[in-house]
Amino acid sequence: MAKFVSLQEGIEEVLRDGDQVSMEGFTHLIPHAAGHEAIRQGRKRLTLIRMTPDLIYDQMIGTGCAEKLIFSWGGNPGVGSLHRLRDAIENGWPHRLEIEEHSHAAMANAYEAGAANLPFAVFRGYKGVDLPKVNPNIRSVTCPYTGEVLATVPALRPDAAVIHALRADREGNVLLEGIVGVQKEAVLAAKRSLVTVEEIVEDFGPRNANAVILPSWTVTAIAHVPGGAYPSYAHGYYKRANEFYIGWDKIARERDSFLSWIKANVLEKGPDAFAQYARPRRQAAE
Amino acid sequence: MAKFVSLQEGIEEVLRDGDQVSMEGFTHLIPHAAGHEAIRQGRKRLTLIRMTPDLIYDQMIGTGCAEKLIFSWGGNPGVGSLHRLRDAIENGWPHRLEIEEHSHAAMANAYEAGAANLPFAVFRGYKGVDLPKVNPNIRSVTCPYTGEVLATVPALRPDAAVIHALRADREGNVLLEGIVGVQKEAVLAAKRSLVTVEEIVEDFGPRNANAVILPSWTVTAIAHVPGGAYPSYAHGYYKRANEFYIGWDKIARERDSFLSWIKANVLEKGPDAFAQYARPRRQAAE
Amino acid sequence: MSHTPTEMMTIAASRLLTNDDICFVGIGAPSAACNLARLTHAPGITLIYESGTLSTRPSVLPLSIGDGELCDTALTTVPVPEMFRYWLQGGRITIGFLGGAQIDRFANLNTTVVGDYDAPKVRLPGGGGAPEIASNCGQIFITMAMGSRAFVETLPFITSFGHGTGKGDREKLGLRTKGPTRVITDLCVMAPDPETAELSVISLHPGVTREQVQAGCGWPLRFAADLTETPAPSAEELEVLRGLHARTRQAHGVAA
Amino acid sequence: MSHTPTEMMTIAASRLLTNDDICFVGIGAPSAACNLARLTHAPGITLIYESGTLSTRPSVLPLSIGDGELCDTALTTVPVPEMFRYWLQGGRITIGFLGGAQIDRFANLNTTVVGDYDAPKVRLPGGGGAPEIASNCGQIFITMAMGSRAFVETLPFITSFGHGTGKGDREKLGLRTKGPTRVITDLCVMAPDPETAELSVISLHPGVTREQVQAGCGWPLRFAADLTETPAPSAEELEVLRGLHARTRQAHGVAA
């Protein structure tokens, strides 16, 4: 059963130096507060896994948390480059970053296979492209019925998954809604998981019979961190802070301005720094 | 885009002699009215596909619609045998029935692979059991990373899928809720599809952002058949007629009583025979 | 209170379940046992039915694995492919319940066919979820009423794998789960012998003799050295179980 | 009304879309073109974003592929693994839109890296959905502004496959989809030559010369024998597109 913890306790327990970690969220519900806490706690030698390593991983890479990145699209959505990611790959700052690169289809299938406890995923992809030449983990199997050769990727089975969700109930069940991405798969594929939530409710009340819910016994720990997805968004609570994404380009472009920003906004702050972005359910988004 | 048709037109267009057809529904939402219409139209040489061929396939097999059955559990749930299925397999009545037998896990994975446009599915199953000895379609692949040997099944790609759903909107989008089984996969895996629905609404109105919906452009035809799942049930409309399932055991046990029942309840009736079982939404089930 | 052998079977099965278990529940005796446990000593037990209902808390027993009652009282309901991929194959289930038409001394089960597969004497329903329940759940409890046509020397067909031909066979297949650890019958409880994996009787239900048990079994049965008597049903156990059945009869309009 | 080259590009792309199309939409020009089509001549067009939103009808343009606006106006939203398995790989998408940092004469695209992969001069974002969009959609429209560093003789890295090294290469890989059928730029529209699959200019935007187009391209460009002029944007097209951008700016508080 999931236990309720503070964000600090949750990162201490769930995320360890050297872990393979998935901090997922497909534009929606990106666990920024948890990422900041990992930076504050000085996590090292992480293998960061994420389909779309955006600002949260730019920050973790720039502060030296990561030794490897497994990803499929590394940019600032709608804005441009992730400068800290580029600086690490192009110039090895703050240190060398190994990369394992896939397509979205491959990563999504790899999470699905991980959640399904399979060692690999099969899909129709990577036809005619160069990525298999530089990623030895892209292989193939032959269909035993048709003879067709299909692409494979190893299942993702992270040590830790860290996600942000809308609500938990008192039993520790976790509800997601809206753009749900690969978060459910990431948690089910991981050995340990931390879920930060906007809100803790007595029970979920009337809901669609097929609502996206992670049962309490599939989650390690839950921390109540209102606003914890900012500058990403929480459907029905608050909107995406597009201006922050645009502003990040300037902050992250130079090492100095990046480090100053991290000092002032991460190292000298605590988890409750995110509370200012929280909004009551169903008011901000409508 | 799905077109709205009568049940008679829908079966005429979507289900043809010799088709591989999936009439799915996992206890919930079994398309009984559509099965009766197929019997009335005298469909022949069908390959019937269903994880749990219960009463609907017992009736179609007993009236000679089928030449083959692909299935994983053929019984009257909670009651006992399907006597018409057994009579066909054990005694070849009304004619010989070929079977291709799987496990539930294999069938569910085969539908999933069909919906995903893959030629086969991979899963961890069939360990130590005899079914692979009698079903040559159960094969294996070797994981290119771990060397583990995993079971495979061919994807299911039926010519036709026939399901019953709760509601369609005016655009022909189809909503399911409750125990959703493999119906979405069956429709997405099939070349043609017919959906019978309890209700047609102007639009679905407020709903969970992740509601189970088949977009209009994935469905061939929709027929409004209130009560069309009876004696199965439609979540929020009417309950499962358990007494019918129990009573079926006696009707189907002998060929004569079966044929009499079919004559009186199928051949001499029309699609609107099911209307008597329909109930307004949210009243019967609460 | 006096009790029937079926009640004893259900109650003996329910006692094996704990608050922390996550059970994949079949229809019939397993469903009654799991819900009895939930309504007595294991209120926190998690029940999963293969129709996709997670953490369901039915107030009456379902007639089928997909009754609306299961969905109405579930935490949520997932599609069937997801159930078999993420939840069963995912390795998240601690206890799987199985029954069968026939069982052998190594707790392999047949629910497929009696006689030749291609020209069967009796065609049974088939495996359904059983083959993968047997391999993917942490351990398996089997509930079956005894009888010499059910407990047989040799199975005509292995639908789901127990311990094969003896200890070590599961490991040889690469299975890391325990397989059948208990067979709960109307007369006794059996467990695989730690040395050989052959089923041996570990407790007799009250009033049942070794001879009665042997009469219901097609192979020469072993009895554990420390054979005990199954504790008789308590008044509470019987009351809750009968209440559950009474509510079920009322809801379904049938005996269940 | 006068118009910018980018407006012409977006409008030319939007005209290629029909009511019956099911489009996998990327951010930027493709999103503007698809929504312009929906708000003008193709109100029934189906738009799908890879974040999982099916049949979405945003009133403002999203800044990212996962903006809340897309979900709020969608028929429903599915998990990302399902999006890539059932919907993209499922073969249900008629049109995929792609852009890229670099394109070659056979409409192969690079969005991965400039320079050596292991020691890159410029590290680009990577493929994202593109490799499988390029192979699994019925056909591909590419929108890119011209320039000799974007339209290059040789790609350092093939991120998504167009027509390889010429006609027949897709078939050799077992691809049954058409691949890139149009490249819509800020200066012209190109299409693969029916004989060779090499891109050739089929229409010049109003006021644009062959020389201007060639200046923006790193290989010697071919022009179709029946080269035409792209019809200028209509007043309605410009009005609707500018309205869309104005609403977007207001909603996001930024230029988009």
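Just so it is clear, A, B, C and D label the chains in written order, and each chain counts residues from 1 on its own.
FYI, a residue touches a chain if its C-beta (ideal position, glycine included) is under 8 Å from a C-beta of that chain, and two chains touch if they have at least 3 such contacts.
On a predicted model such as this, the values are computed, not experimentally measured, just so you know.
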| item | value |
| --- | --- |
| Both-way neighbours, i.e. chains that touch subunit D and touch subunit A | B |
| Remotest chain, subunit D as reference, centres from CA atoms | C |
| Chain pair with more C-beta contacts, B-C versus B-D | B-C |
| Gap in Å, rounded to a whole number, between the CA centres of subunit C and subunit A | 40 |
| Separation of subunit B from subunit C, taking each centre as the mean of its C-alpha atoms, in whole Å | 28 |
| Length of the line joining the C-alpha centres of subunit C and subunit D, rounded to whole Å | 57 |
| Shared-contact residues (touching 2 or more other chains) in subunit B | 112, 116-118, 123-124, 148, 178, 180, 185, 209-212, 235 |
| Residues of subunit C whose C-beta touches two or more other chains | 71-72, 77, 79, 85, 89 |
| Overall pattern in which the protein chains touch one another (line/ring/star/complete/other) | other |
| Pairs of chains satisfying the touch condition | A-B, A-C, A-D, B-C, B-D |
| Interface residues, subunit B side, partner subunit D - complex | 112, 115-118, 173, 185, 188, 209-213, 215, 217-218 |
| Contact footprint of subunit A on subunit C as seen in their complex | 22, 46, 54-55, 71-72, 74-79, 85-86, 89-92 |
| Subunit C - residues contacting subunit B, complex | 27-28, 50-53, 62-68, 70-72, 77, 79-81, 83-85, 88-89, 112, 117-118, 120-123, 125-132, 135-136, 157-161, 164, 169-170, 173-175, 252-254, 256 |
| Complex contacts: residues of subunit B adjacent to subunit C | 26-28, 51-52, 71-75, 77-79, 81-82, 85-86, 89-90, 101, 103-105, 108-109, 111-112, 123-131, 134, 148, 178-182, 184-185, 212, 233, 235, 239-240, 242-243, 245-246, 285 |
| Complex interface listing, subunit A residues touching subunit B | 116-120, 122-124, 137, 139-146, 148, 150, 152, 154, 177-178, 180, 207-212, 235 |
